[in-house]
Amino acid sequence: MRLHEHEGLDIFESAGIPVPRRGVAGNTDDALIIAGEIGYPVVLKAQVLVGGRGLAGGIQTVTTPEELEDAAGKLFSAEIKGLPVRKLLVCEKADIHSELYMGITIDGFTGRPVIVVSKEGGVHIEETARIAPDKVISFYCDPAFGFYPYQARMLLRRLGIVERLLAICADVLVRLYRAFVQYEALIAEINPLVILKTGYQGGLLAIDSVIEIDNSALNRVKLPLPEMIERIENPLERKGREIGVTYVDLGGDIGIISSGAGLGMATMDIIGERLRPANFLETGGGITEELLYKCMELVMMKIDLRAIFINVYGGINPIHEGARGVVRYIKEHNVTIPIVAKALGNHQEETWEILRAGGVHVVTEAPTEIAVARLFELVGAR
Amino acid sequence: MGILIDDATRVIVQGITGKIGSTQTRWMLRYGTPVVGGITPGKGGTIVEGLPVFDSVAEAVKQTGANASVFFVPAAFVLDAFYETVDAGIKLIVIVPEHIPVNDVMRMRAYAAAEGVFALGPTTPGILVPGKGKMGIMPGALFAPGRVGIISRSGTLSYEFAGILSEKKIGQSAVIGMGADPVILTNLPDILSLFEADKGTDAVIIVGEVGGTQEEKAAEFIAEKMKKPVAAYIAGRLSPQGKRMGHAGAIVRGAAGTVASKCEALQTAGATLLKSPIEVLDWAVNNDIR
Amino acid sequence: MRLHEHEGLDIFESAGIPVPRRGVAGNTDDALIIAGEIGYPVVLKAQVLVGGRGLAGGIQTVTTPEELEDAAGKLFSAEIKGLPVRKLLVCEKADIHSELYMGITIDGFTGRPVIVVSKEGGVHIEETARIAPDKVISFYCDPAFGFYPYQARMLLRRLGIVERLLAICADVLVRLYRAFVQYEALIAEINPLVILKTGYQGGLLAIDSVIEIDNSALNRVKLPLPEMIERIENPLERKGREIGVTYVDLGGDIGIISSGAGLGMATMDIIGERLRPANFLETGGGITEELLYKCMELVMMKIDLRAIFINVYGGINPIHEGARGVVRYIKEHNVTIPIVAKALGNHQEETWEILRAGGVHVVTEAPTEIAVARLFELVGAR
Amino acid sequence: MGILIDDATRVIVQGITGKIGSTQTRWMLRYGTPVVGGITPGKGGTIVEGLPVFDSVAEAVKQTGANASVFFVPAAFVLDAFYETVDAGIKLIVIVPEHIPVNDVMRMRAYAAAEGVFALGPTTPGILVPGKGKMGIMPGALFAPGRVGIISRSGTLSYEFAGILSEKKIGQSAVIGMGADPVILTNLPDILSLFEADKGTDAVIIVGEVGGTQEEKAAEFIAEKMKKPVAAYIAGRLSPQGKRMGHAGAIVRGAAGTVASKCEALQTAGATLLKSPIEVLDWAVNNDIR
């Protein structure tokens, strides 16, 4: 679960990392009050969960209440990369001397947290990593051992940081690591960590946060935050989460239901050769009659749908039970668009029988390409 | 001799008294798997699918000589059960459940490495060795004995490839689900090395997906160590670019993780790229695989 | 720092361990109110930091408000093993089926936490461990690995605990371990963990707690508790802590000041051959003029003191500076009782000179016995 | 050759820029200890007592060839500095500071054991090898070169015994403070084994205290492994039960750790019990120790 910038800054603050004075506003009036308390100039930052927000106009510095009213009004009515702006973070403007980048993620291949630091903070950090990898220091940490100040100092010395700054930057990096572990994060990033011109706040200020919590750990991480589900903007994707499946909304008009992420992606790729998928829906391993009924309902919510393609395997899933749900939905809602299904594995014959009785075009050969060819025929795709 | 499962294998099922555990035990037994018992703490002494249930792995090992374990344990209990299983001396563990916290997976991985345990998953369909048995959830009817090895990140896509091959009478030496989580217990190159060393395997199919760097690392292994022909399919060409999650991952991976990067790495390493699963049949014919 | 029973129960509760309904009363009226809410019978437990409280009459079961008034009144005016009763814990009375003992401590020799369980709960656990060690199961835990439910089940199975009780007892033991680690305890004990006759509270209830926190970790353990210093009942010992030395109040009339705990204990033992030490005062490694001035002040607070014996070494301590403090105190307060000092190590000559000028009997030979012989002479001990 | 400190020893002082660190460095240098530098992160490049100060242990090792380290670091920073020192390859570490959380000590101890590091403390006066040097805070004037080894839990009591012996011209081969905390980095039997193996040591004095079980375990070692004569003194006969006598480790809980239990174990093992420190002189005469 990706956290909003302001939620991440709250976590940083509780971890003892210096953060700017700030407040979150849901409307322009609140933004004015917060800015009044902080003192101008302030920075307005759209709280949208998307990268490249700054370049898309989502960050504005204002020096007077009038400027704030103007900028906040525009931001609240704008969309940043397709997402509505529901909240603004109003922040003190830091007196920037220079910037650092600090980030921690998990490397899948080594199974270790990787700590990354660079003197080139800001939006160009990835570019720096590509063209000047020597300016980006990475450290693969042993999670059983932890990450200690001496290791942080070693990394930061390699960036040329010395004397008092060395100790306080190392302290921030260790605190970032502790927060990363405590909140079971997949990503925790300060970008940038600002070195101020004055000694205020110990001379450092974390002015942006990126934190993503491991979804599988959400139930044991103590977070005073809104539920995952409230963060999903797309109504269909939110409904997918409600019924317990993965639903990704796409631009096309062919509905897809698959059991298994890999199979779902392959199906999408094969269909995408000639048609445009409307969605990616993956049931996971919990198929029941009720679940597939709801999956049908969800897929059918997309307007102008031309056909549905079902691709499921009976391994952990009782696909014959799922088939009953599909057929029940078809009958109750008198579905007329073509539905093609490939269903193999345990209980396959029973599944075919149920689906055929419900008017579904069943393909019994193994290659998905053959079943998709049938779909292409039925909707007249060339 | 099959890979990982052979005549000496004696499998226990952890979480055998659960709905999925008992159902899958039935399927495993029907497939001829040498399942010798199950574990559910507090339910020792009962019988499931004709098999004895034990309170602890140590007891099961003592009573049945078990040396392999497959997990159908709720995600929250997997770490504890894993430690228990390793401590009991079991050297092959298959973790079927999904939604296990990455922190738990990292711990299990380090423990397995320290104790010399071969573990697969989490979020794996398991292992199936045609004619020998299966540990996990793969639907047995789709597989046939033969000489092609399959390693897949996705359960259902492994069934798809096996199904396509079996329909054309091209059998499999072993089918292994490597697990679909960000961190897995055994990396792809290490699984590849089993197939490279296996006398019963003539060629290997890698079924990958967008994300992570397993396939890129596998390409390095193929280039340096593999002599057997390898075919590779990577799913997710049309997957929408994930909502960008910060920079740290991107910095660590560089450009890796896209379908394009994986395909390029595998092709450069000498693997045959399959643009669509059905192309596996042409590859089999061209490499004279039967 | 040893916690009170009620503080420990609060920690257990936050750790998810089942605990009785209860309240803490500072007077009989409050105790009546709490008992009224819980419902009779209730147990009154004197909150004093001493073992064997029950046998000394500090625990009373009452079945009516009248009985409570009588018992609470007596408890509040009593002393338990010399300690005043300032607070009573008023607890529901558990319907006891049987008892377990669960304790965790740190084994100094292996440097590991030791987890101990027994079916013989209650006050006799130490006796059980001595006479029937097979009834007490110990497990040396690897702190880097942690302690997991499967290990807890293994221990508890060895006590013959099976089926549902196995899982819930294992859960309590793992939670006790987590609390032990989280609060950096040296000791965490549930004695007894009651198995109830009914299934109430999952069938278990931790009805007494012993927790001792590592003093060296107090500044990093988050505890909403009164300070260490407020727990010290003896006013002289409290003053010792205030000035930063270890002071243990004893029954005798010879004051002792030493730099170093071992030396202090040896000095006490040697003096104890013929005289009775009034105290054990150990300065630690932070001697200054001011500190020794305050040490003199503290030692002199004991009435009817016959003499003071000072035994210090100049290793990490600047004993010549300390000597100035001693002498300044003597002069300012016109001390007339004999003071014998042995002071060796760095700056010893300077130290001797200062002490002699202040009228202190300085002994320059190494054996403390020789200096103590001088003390015996001066106070006429045979 | 002395125990632990010899002609190859090159000592660094961690926390050298602090008040105690710089003062004790001066005393160590005056005693002839081969101190080659110091560490205080952020103060690299400065000079203390004529010695170079470094930002990191790794740098100090590289520049000075240091192979031993003595700590005068605030308690809260000891764990971090310890890990750093071990990682830098130093194999002898003396932790003088007190009030270090037991959890940190347990971590240090496990790390030292895993990495083959000999470490003393916390709450130790250190090591003094007469004529060779000292790491720690022992006041040099009280010690004399000779053939008696002293191991003490208490700093000041080690001075007391050395002082009593030195006055009578009975010198010491080495004096080692084992540390007075509940958990220490090297157990008493392991220190005893150094003396048993040392050609320069004829006899050993153990100076113990109430609390813990180090002396009881030492008795087992003496009974099984030691040929050299051992004398033992245990302080705290009059310590009241349950009271912490200055040292975190000096607390009696139940029957274990009492003076009586220690004395009985040591006497049974064949050690000579000293009821009062001065009796060490009789023991020396009886055992012909000079």
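Every chain is named by a letter (A, B, C and D) in the order it is written, and numbering of its residues begins at 1.
Just so we're on the same page, a residue touches a chain if its C-beta (ideal position, glycine included) is under 8 Å from a C-beta of that chain, and two chains touch if they have at least 3 such contacts.
This one's a predicted model, so the numbers in the text were calculated from it and none came from an experiment.
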Take the average of all CA coordinates in subunit B, do the same for subunit D, and state the distance between these two points in whole angstrom. 54
Which whole number of Å gives the spacing of the CA centres of subunit B and subunit C? 55
Name the residues of subunit B that each touch 2 or more other chains. none
Could you list the positions in subunit C whose residues touch two or more of the other chains? 144
Looking at which chains touch which, would you call it a line, ring, star, complete or other? ring
Full set of chain pairs in contact is A-B, A-D, B-C, C-D
For the complex, give me every residue of subunit B touching subunit A. 20, 24, 27, 75-76, 96, 98-103, 105-107, 109-110, 125, 137-139, 141-142, 152-157, 159-160, 163-164, 166-167, 180, 182-184, 187, 207, 209-210, 212-214, 217, 233, 235-240, 243-252, 254, 276-278
Subunit C partner, complex, touching residues on subunit B are 41-44, 55-58, 77, 79-81, 83-84, 87
Residue set of subunit A touching subunit B in the complex reads 2, 49-52, 101, 103-109, 111-112, 114, 116, 125-126, 129-130, 136, 138, 143-144, 181, 184, 186-189, 191, 210, 212, 214-217, 219-220, 248, 250, 258-263, 265-266, 268-270, 272, 277, 280, 284-285, 312-316, 344-346, 348, 365-370
Would you tell me which residues of subunit A are touching subunit D in their complex? 148-150, 153-154, 157, 162-164, 166-167
